[in-house]
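Structures are listed in the sections that come next.
Look for subunit A in each of the two complexes below; its partner is subunit B in the first and subunit C in the second.
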Partner chain A sequence: MPVEEKPVIDIDRSIGDFSYDIEYEYDAGYGLTERTIDYICDVKGDPDWIREFRKDALKKFWEKPLPTHWASRDLENIVFEKIRYYLAKDKMPKRSWDEVPKEVKETFERLGIPEQERKFLAGVEAQFDSEAAYSNIKAAIAKQGVIFVGSTEGLHKYPEIFRKWFGKVVPTGDNKFSALNSAVFSGGSFIYVPPGVKVKHPLQAYFRINAESFGQFERTLIIADEGSEVMYMEGCTAPRFETSTLHSAVVELVALPGAKIQYITVQNWSNNVFNLVTKRGLAFEEAEIKWIDCNIGSRLTMKYPGVVMKGRKARGEVISIALANVGQHQDTGAKMIHGADETTSNIVSKSISIGTGRATYRGLVNIPRHLKGCKNNTECDALLINANSRTDTYPAITVRGQGNACQHEASVSQISEEQIFYMQQRGLDEGQAMSLAVNGFVNDLVRQFPIEYSVELKRLIDLEMEGSVG
Partner chain B sequence: MEATVDLEEKQQENFGANFEFHSPLSETGWPRWFELERSLNWRKFLEQPFPRRTDENWRFGDLRAVRLDGFRSSSLPRSSSTILEQSKGFPNIAARVVFGNNVLLDMKIYDLPSNVVIQSLKKAAKEYKSLMQEHFLRNSVDLGSSKFRYLHVSQLNDGLLIYVPNGVKVEKPIEVFYWVDGENSSVFPHTLILMQEASSATIIEHFRSFDGERALVCGVNDLHVSKRANLQYFAVQEWSEKALAFHLNTTHVEEEASVTTLSLNIGGGYVRGENVSHLRGEGARSLMLSINPVSGNRVVDQRTQQNHLSPGASSDLLYHNSLDEQARTIFAGLIKVAEGAHRTDAYQKVRNLILSDEAEANSMPGLEINADQVRCTHGATSGEINEEELFYLVARGIPRSKARRMIVMGFFRSVLERIEDSCLQDYFEELVQSHLNLK
Partner chain C sequence: MEKMNCLKVINLKAKIHNQEILRGVNLEIPRGEVHAIMGKNGSGKSTLAKIMAGHPAYEVTEGQVLLDGQSILEMEPDERSRAGLFLAFQYPVEVPGVTIANFLRAALQARLPEGEEIEATEYYARLYEKMDLLKIPRNFTSRSVNEGFSGGEKKRCEILQMAMLEPKYAILDETDSGLDIDALKIVAEGVNSMRCPERGMLVITHYQRLLEYIVPDRVHVMVNGRIVLSGDKDLALKLENEGYEWVEQLESVSS
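Showing the complex of A and B:
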């Protein structure tokens, strides 16, 4: 039976697709050597232990092979010598938008950041290439003792908390890209929430790549002390360049007993960006870490947010939405490491492949020996829009001993002809019908986002679906 | 720096290679074309490194368990007559063939349509040259054990061809026994089954150790099922607990043909099963079943592929493992839907029933979908005996150990129920039951 070829669509990424000519004060040049590290340390005034940490990481980065024995060979197209590892106009972020340089401020205004800050955020950090241009937290929240600063400032001003956890959740040698980040990290957030403090409104970071052939390596460390709660959201955009851009972040979360951390990502890089990110959280007794991870942009994303449940009754959750359009590979998933009794984890992943787009789910669930009452539930659903779309699922589940339960379900399906026909009967055109069906497919996950984000997400999905059928 | 890495790699490669196999001799009784094939495979075997830690196909596998140190080509079995006496299986069969240490010991035909061919591979290689060249050792898929497949071909002494012509239906099962005898002996079982159009047959293979000694098994089975044919294939593996066993199975299913395979792993120390179904035509159906009661220090390491190459075919995989004591299981399955294999219907399910605190189950159910209008699902579960079910039975006066047994048997029964013939169901159930040592 001949299969009808549906035309694939053009991605509308116009919102983030602009760049300014910036005169950078600090530029580490192209390529990565020990001198690059020294340059970054000198500019940032890093203490000696960080300089050593970075140099040790650089060695590990060089030693480690690309993980192409299981990952996409597209990684081989990254030319590490042709990337700029540090670009900044200013070392320290401004506390007021009025002080932010004009072009940078305009960039974030076009992206709507200051407006969102006024409306519903507890604090904002806006990173422009290597450094944050703006960082501010509402006075009322700061008064409760909440710290929300850039990673450099965190490391300089709060070394006793910073050093205790930095590099402990994601060790430098975890993978080649965590080693790279550890060598050249700059920017990202440092957050500390004191015991019992519940931050009602989300804290937000926005990551913007402006320069061509640039690598962004932000490093985020969030510590929620006993019984505290915090929600962190990150967004990102970059202009569409001809050359490829590298974004390789490391995010470490620490939820002390009874604490709750929610970490929300809406990743909308332009599709020349390699997005290779290591995200992991450590959850102590009765603590809860939830990753809500939405990947719409980039050329290749490899990201598997993880939770190490170290304390009794700790809970980990990953909600993942991935949309792979033409020329994109979303290789996403989750890791759940159960390290104590009665820990529970939940993974729900939904992916949509459009045109030649490829969505991959990779998961790891580990329940080691002598634990009791651990539970994991994993659900992966994939939706294929066109005949040439591709989806893969590669979970790995290890359970040792009795007294634990683990279940994994995955399915792959299409939007049925009848569904589309039904909606067309009610006056929608085929594109709208398709868009509605896709939104329905991810709806129960999108609802878990804060309302402002879920509206944005729906709009992005509509944009991606536009013209995906003919 | 690099030099040391090289050296380590070299050592790793030699690790486990202290075996006593010989390059294939000439004048073995094989025709010239196959002798060439054997030498070629011997060279490939020596060249190919042992599996490494970074091989995805060996993830969770135990690389130390697959060394070949000490294994040797086996001599004739000590007592052919005892082996023949003990070659008993299903009560009502069409034919029985017995191999001991790679030698054909006996072939008895009881009730077989006259045009069905059951022939030693060595003879078949001469008598049915074109047929053999078309199908013998063709279209293998590498799920990680190609080195051991090369070894198999280079050391192959004999095996069996079963050929069922167009439209012929074999009512009763054909039974094949492969025995190994002697410490460090190696056997290379090989069965080639060619089901012609609209034919049907049931084949039961028994893999047995004559003693409890260490042995190497490197078996290959290829099933070719033509249009509208129907094959039921059962492999009952009862190697000694010290055996290292590779069972590499490939099934080709054509248009409207239907195949059921069951691999029942009762024995073996380290058992590596690779099972591939190629669905090559509209309406082709493959049902892949496996029952694995694993205990002691045994490891059952299974890798499967449901390879959908044409539209409108269906496949269904159901593997049940029970794990007692320090048992370990590894399941890595892949549903692979090729570009253009639209309207594929594929299902894959692995269930692990963990019976002790030391046991470990690893599941990697995978999907690679490259087509449209497919329905593919997979599932993996790991859990223990439901305490409420146990309580229910104990409350009715059934001793706890017996109740546990009943629950485990019920768990396996749900796989056996997928087989159509109830006599066969009962036969396999009894087999499992008699080997199930639960505390």
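Showing the complex of A and C:
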């Protein structure tokens, strides 16, 4: 059977790329110097130890080279002098919903984004009225003693607990971008769940959206005390209105003995964005940390959620879906560091490359010699849609000692001409057939997302696959 | 005047990799009739089925295929499907992660005008009714299309899809291959239940066995990319008893 070159998928990513001029009350200006740090600290009223922390981080950021010895050289195209590192308090927007491009409104409509969230996402509202939308849930969790505030409020109001863990899971100097985040962070969440408390509702970043929370340099710290359980969700499937091209977040999770944390991310960046994120969790005895991560869009995403299993029988899991469309590079994966006996970890990663899109999986698994009864399972599957789509897998697995087990499975597949023909014979057009096959490929992972996300994800995949064949 | 209400193949020639596979096929299946095509492996039977359904790998060099008088060779495979042509595959293809229920629902949805939605309760009621007929257990609906199916399950699933899509014309390509006798009976029963004056069927097989259960109105013999002989159901028996050699001689005389 002749393998016909399928035409490159052509997707109109400009949908997410529109922008307005915005005036901010606080603007640190372009470039990054000690003065930028002082400006941020003054505006935010940071305590001295944070000012020190930031300045130390800035030095480390300058010292560290870009990781281009292993990562994409596209990083060299980031012009650090042309970035504004702190913007806050969007003044009253001078635009209205009527000015939002029709296609953007349609996309929100088709993704089923709730009415009240659309205006914020489209950048016509600086504030998302979270009080009205979620006050019941907020009251319910407050009654349980759960702290759920912005990171700035967290460090001001709860310094003892904040300071104990802040920067301990992801050290400032972990990599160049964690150093950058540590220097200029703003926004993000701080959550503390008291011992034994099981938070029924998933906590969403939406609950406390403000001008900062979707910032470029978010910093999130979640601490689940002994035996507690919490689920956190961030992001959404809608294309986001962007003012900046560099996003570099740091997320730290601490699961104390017997605690469970699930952290769910769905992101759909516009394709001018560098999304360089460091996410790591620390799991104590019999604690569980699970990252569920879905990355769509962006120019380059580098993200490898990790779990350090520090206590006996701790468990780490990463479930990830990446979709790389034309001109996009999803460089994602997972890190599992086993630090105690009988710790287990599981990684399931699925990627889809469309057109010139490129998906890279990097996995690091480390089980040292002195441990016993540790297990890791890794599965990574890649789906290539077009002849010029690309996928790479770089697993780095170190398993030493007796009685530790490790299993790694990887597959690369393509949607075959025969599959498409079969589905077309039943009446689905080529695009619908392709969409259905892609949804099928990620179906088992999508099911692990909360229901409202999984529905949105399916619709989003349909949208991304539209016009993918021609 | 072109006859309506039939699936008509006129002097169809086709090739793949520059090799001619169909060398002028003529065939006419009126609605309400069941025709069978028999022939040895490599005679072009399955190719004919795929070309009628619009498989992209083959190049049609000459001829016509008319569905109720309308030429379909320029149509995409999905357009042909929605026009009422169904092909039960010899080797049904796996679609991992897509359940039978979702797949069939998407296929039915594709037949509705924009803005209309399948009604879920009705859909499942119909689906279960057809599954019962084909003795397919209920948990089947949540399995991925053809993934990990036995040969018999695959074939039954093809017939289930045919029953749900209610085509005007159905082509059954080697639907008997890989079936034991019990499964064969169930499949044949499913096919027979769909025989009606509004539907034409073409059964492709190289064994007479299937035709004992699905009794055809006409039998055609294909040799070397052509139909060389047509007759009634007794022709199938004769082929079973005497083999294909005598028909092949007919073919060499005619060409």
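To be clear about the criterion, the second predicted complex is superposed on the first by the 385 of 470 C-alpha atoms of A that agree within 3 Å, B and C clash if a C-alpha of one lies under 4 Å from a C-alpha of the other, contacts with A are read in each partner's own complex, and residues count from 1 in each chain.
The working rule: a contact is a pair of C-beta atoms (placed from the backbone, for glycine too) under 8 Å apart; a residue touches a chain by one contact, two chains touch by 3 or more.
As the structure is a computational prediction, the values presented were derived from the model and not from experiment.
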item	value
Superposed partners subunit B and subunit C on subunit A - clash or fit	fit
First (subunit B), second (subunit C), both or neither touched by A:Thr398	first
Most subunit A residues touched (candidates subunit B, subunit C)	B
Touching partner for A:Ser96 - first (subunit B), second (subunit C), both, neither	neither
Which superposed partner A:His370 touches (first subunit B, second subunit C, both, neither)	first
Touching partner for A:Leu428 - first (subunit B), second (subunit C), both, neither	second
Which of subunit B and subunit C A:His408 touches, first, second, both or neither	first
Smallest separation of CA atoms, subunit C relative to subunit B, angstrom	15
Overlap of subunit C and subunit B interfaces on subunit A (superposed complexes)	1
Residues of subunit B defined as touching subunit A within the complex	54-56, 59-60, 311, 339-340, 342-343, 352, 354-385
Contacting residues of subunit C [partner subunit A, same complex]	16-17, 53-57, 76-78, 80-82, 86-87, 89, 92-98, 102-104, 106-108, 110-111, 144, 161, 165
Subunit C-facing residues of subunit A, complex	1-2, 4, 416-419, 421-430, 432-433, 436-437, 439-444
Subunit B-touching residues of subunit A, taken from the complex the two chains share	1, 3, 69-70, 367, 369-370, 382, 384, 386-414
